[in-house]
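In what follows, chain A forms one complex with chain B and a second complex with chain C.
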Partner chain A sequence: MHSFKTPDKIKNSYSSRICQIADERKKGKKVVGTFCLFVPDEIIFAAGADRVILCGGKNETIPIAEQYLPRNICPLVKSSFGSLVNDGSSDVKSCSHFSMVDMVIAENTCDSKKKMYELLGNYIPTYVIDLPQRPDSPEALKYFLSELEKFKSAMEELTGNRVTKDRLREEIKSSNETRKLLHSLYDMRKKDPAPINGTEILKLLQRQYFLSPGEFKEHIRNLIKEVEESEPEENHRPRILISGCPMSGGNSKVPEIIEDRGGMIVAEESCTGTRSFWDPVDEDKEPMLALAERYIKIPCSCMSPNDRRVDNNLELAEEFDVDGVVYYTLQFCHGYNIEKHKVQQALKKAGIPMLFIETDYSGSDVEQIKLRVDAFMEMLS
Partner chain B sequence: MITIGIDAGSATTKAVLVNGESNIIKSIRPTAFDFVSAADDACEDVLEMSGIDRKDVKHIYSTGYGRNSIKFADKSISEITAHTKGVHHLYPEVRGIIDIGGQDCKVISVTDGRVMDFIMNDKCAAGTGKFLEYTARALEVPIDRLGDVALSSENPAEITSMCTVFAESEVISLRAKGFSKEDIAAGLVRSIARRVAVMARQMGLQENVAFVGGVAKNTGIKAALEKELGISLYVLPEPQITGALGAALYAQEKHQ
Partner chain C sequence: MHSFKTPDKIKNSYSSRICQIADERKKGKKVVGTFCLFVPDEIIFAAGADRVILCGGKNETIPIAEQYLPRNICPLVKSSFGSLVNDGSSDVKSCSHFSMVDMVIAENTCDSKKKMYELLGNYIPTYVIDLPQRPDSPEALKYFLSELEKFKSAMEELTGNRVTKDRLREEIKSSNETRKLLHSLYDMRKKDPAPINGTEILKLLQRQYFLSPGEFKEHIRNLIKEVEESEPEENHRPRILISGCPMSGGNSKVPEIIEDRGGMIVAEESCTGTRSFWDPVDEDKEPMLALAERYIKIPCSCMSPNDRRVDNNLELAEEFDVDGVVYYTLQFCHGYNIEKHKVQQALKKAGIPMLFIETDYSGSDVEQIKLRVDAFMEMLS
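Take a look at the complex of A and B:
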């Protein structure tokens, strides 16, 4: 497989981005931290603020969190909380992003996150956007729109800037450009063999919420160019769609094992994947309404019913011509774990094999996962 | 073509030499602490027994827990594929495999000797040989007699705990309450059978199901599982070598 330069460059851009944020803050810019795709970036940027994502993907901060939180909740929530509220009692460093944010913009999604945000409020101002749980009901859109309006006011208050329709339109256009660029990158993955490893793409997507939108676009453009200029690979490898829980930065265990054992991830039905950019925002509509319509459609498992996610899996499997689906969930993530059954039934009907892997951030099950992935690859080849 | 399959298990290492389709020579050795030398020794055994020179062996495939450490093997394959191939060779009608080993439990759905789907239990000893081992110890019944002891019970005790550690203490408290060894043993066997049966039903296994792995030798478990699933299970005459055999056959197939 080729090694591309862009992923390395992105890795190295971390420290300069941290300096950039620190500088901006000195000049009075506000920075918010988010945890979820339901929080529209466009509103944050239109208010003249910057944002970073605070989702934890590392194992080391979990013991710190377990001093406050129950052990049996998902590692993402524990890792996030642990990196934020590190009380200095261990040598684990807290997340450097946390000290840079003026406010956390949270959202009512799964139970663990909701309740974690309540505790987080003791450490940092935390604004919670409420989400309607039944996105298909006629009232849901109206309610979500009103929540977004309130959120907009909160951002105006935080930054002291007015969020005008024009500013929103500009930001929607800019975000749509990013989405389009990502679509072109994903179109390249439809080739067989795909010209770039899924793990590389994942690492790019994990960083999309840390880099500034401008810098991120630049990196995708460069990567697209690099991929276009690369020599195509010869051998077919089983084409895999990975579906399920988010894979936050630091957590790429399962994709790495899949590709290490001969598979090729060609798409991710995940918040660190297609869910983050697939649908554009309608540029012709009233901007707040267009945002509400786009964001309410995110097929997160905290929504009910959530058949949209089942359909998405089938569509992606077909569009990317996959040989199999790896359904990946984090331990104690009830939403995605329970939804497994529906997705599995639908895939079975469509004749697409599926492997289920439930894991956490530790390395203790690496051998077991390798064995399953090996067997799955042998089954597909 | 001559191929060798090596199953590097955590307790024993098995080697099977296949010459053509049918000529099969096997060796079983304890693994001790060294996968590689156990594999090497088992390999030498089958060569010696068959009088074949190592350089005439076309391919060596490894499988099992230590499959990736056998560097002299050409390729490693998963136990799931290997056992399926091996079982299919010995029992061509096979449509499903239940494999209860010491560390894990696997249920495989098979069509024409190919893996169609499989599930394995997670990071947990429930539903594995370890569960039986620990709970049998709490009951002070030798593990290989647990099944027989269980068969003589008429009122199995209810073991409700899913977790091995808690099941162990449940056994102790049932004993304190005066339950007989037979009834507790039957409860244990039933609880493992229920757990495995859930997996087997998830896979939709119905008939021509083979029961392999160390626990398959336990008649009590077999009976409990059959009752739970309402089918009769086929236990292979040589359940220990199916992995190594499957690996050797896989090599035959790949290099035809």
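Take a look at the complex of A and C:
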């Protein structure tokens, strides 16, 4: 099995990026933090700002958050909040990029994030984009477009730069390039055996959280090259599609277990997977409209109806020739948790086995998950 | 303490209403079921349809729902779904009005309801109104208005009747009358001691779920009259405001405990309380716009920002001269659960003690809640 060699340059990419951001900020560049794929990067970069992604995957900052937030909500929400409000008075360290944002660009997606942002506003300037919950309605698109226009103005105000149509077109083109590169990488995973582990792909996608778009592209290109040059794998292992909640940097518990126990993750239907890059933005349309049209179609469980996600799972299962699906939800994520029923029914009809894992960031359920994954692998082998 | 005498007519109101609905349906009248205050009754009645409210408060139908829905979501959502999909194959009986609706009129408010409605569509025609999550944005209002216009057309299609401006105005006037009557009833509770228990008021408000607007008004009038004629109460008891999640018919666990342990509930900041009737609809404006403006302002925790709810709690606490607030949430209701922090901070600043109770429909935590309520009452006495 090919394992990503992590050259020194990539190993040091986090700290060098932190220095770069610090440097940019000294020169007056604004840095914003986002939490969600529904916030179009293109508008941020077209305004001349930089951005990092603030979804937390570390367990350590959760106790900080639980001083303000209920225990029984999503670990991602708590971890992110804990990292952001961490004043350093405890021994826990947040990742540096959490303290380097001038503004948080949030969005009304799920209940927990929506209400968490209201508290976050006490600690850091927080701009919220409202999101209609309908992917296929002309009125919803119009409302979303008006929200993106307001967001564009807010970015202009923050940075002092005008967001021109030309700049938007450049950024759309650049983001589409990243999307194409990721498609190329994912195409390689269609081979059997796949030439690279899913956990390596996840690590790459998690790097997107702090890297600049240019560096991220370079990392993808390097990985593609490395995979091309690697020796082909010989043994078939059960091919797994992971579907569900995102896995933020620091959280790779379940994919690691799956691949340790003999599985091979070949695709991820998630925000740290296909949902982040699958669809390009139309380069021929008026840029703001093209962005609204592309982003409102992201098949997140916050959308209703969300049949597109059910279909996506079936399509990915076929395209990547998967043997089974691991449906992954973070604890108390009602959206993905309830949507499981529809996905499960569709997979059942298609004869594709599914294992459901609901978990958090702690290690307390690792042994139990291992047992369940073992049973699933036995069934698939 | 005044206790509502429940004359025979009121005792039999459920079964006589069921007969009435059955009769209406035979004659071709359509009956719709709603779940949420954000769906304007006025549009339903103006279309010549009847309506019942389908929020479940019974524990018994939850196991039926858990065949399809996760366990760790809101009991109200599970109870409602269980009542609606109950095919009678188990021993559990749903209330009759659950099986008498031609269409469910749903709304995208919280994550759990939103996703539950998608499954519900497999069992009963389900129309969903999308709801922007901003109470104070002109664009959100416009989007909500467009959603209400679509809903009006759907009602016209269902009933075959046109919804005219005149009919809407009549229904707005009628609903405003109900709101005024409830205000009169609530005004009586401002006396110390209050002349009527909170549990009696809750029972009245829960009757709204199945009664026709005319009958409901009659019930309020009767209760007002009865309270006026009753002997005044002599002993002061700690005056409690309940704030948070709704209490649907069948669920009165916490208010009963509070009043059994010596408290007196004098107001409810909830959907089975002030939120349902506090604001009138402007009778002088274009009716659809007036409805959109009134309904989008309901301070449900699904709205963001929702400072209006925080303010409401402070205003109600003052108006009703409360000694303490019981913040009540249903398990896994992220919205009210996270919003607790803001309400608690505001109450603390105003010097008003607060007790937090998170519960479900089971009896398993009754003894624990009693202990906590006892401690709170001791503190307030």
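Operating definition for what follows: the second predicted complex is superposed on the first by the 372 of 381 C-alpha atoms of A that agree within 3 Å, B and C clash if a C-alpha of one lies under 4 Å from a C-alpha of the other, contacts with A are read in each partner's own complex, and residues count from 1 in each chain.
Methods note: contacts are C-beta pairs under 8 Å (C-beta built on N, C-alpha and C of every residue); 3 or more make two chains touch, one makes a residue touch a chain.
Note that the coordinates shown come from a computational prediction; the quantities given were computed from them, not determined experimentally.
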Contacts of A:T274 with chain B and chain C, given as first, second, both or neither: neither
First (chain B), second (chain C), both or neither touched by A:S304: second
First (chain B), second (chain C), both or neither touched by A:S80: neither
Superposed model, chain A: greater residue contact from chain B or chain C: C
Touched partner set for A:D130, first chain B, second chain C, both or neither: second
First (chain B), second (chain C), both or neither touched by A:F332: second
Partner chain(s) touched by A:S248 [first = chain B, second = chain C, both, neither]: neither
Chain A residues within the chain B interface of the complex: 353, 356, 358, 364-365, 367-368, 371-372, 374-375, 378-379
Residue numbers on chain B that touch chain A, as the complex places them: 65, 76-81, 104, 114-120, 122-123
Contact footprint of chain A on chain C as seen in their complex: 68-70, 72-73, 108, 110-112, 114-119, 128, 130-134, 137, 139-140, 142-143, 146-147, 150, 301-302, 304-306, 331-332, 334-335, 337-342
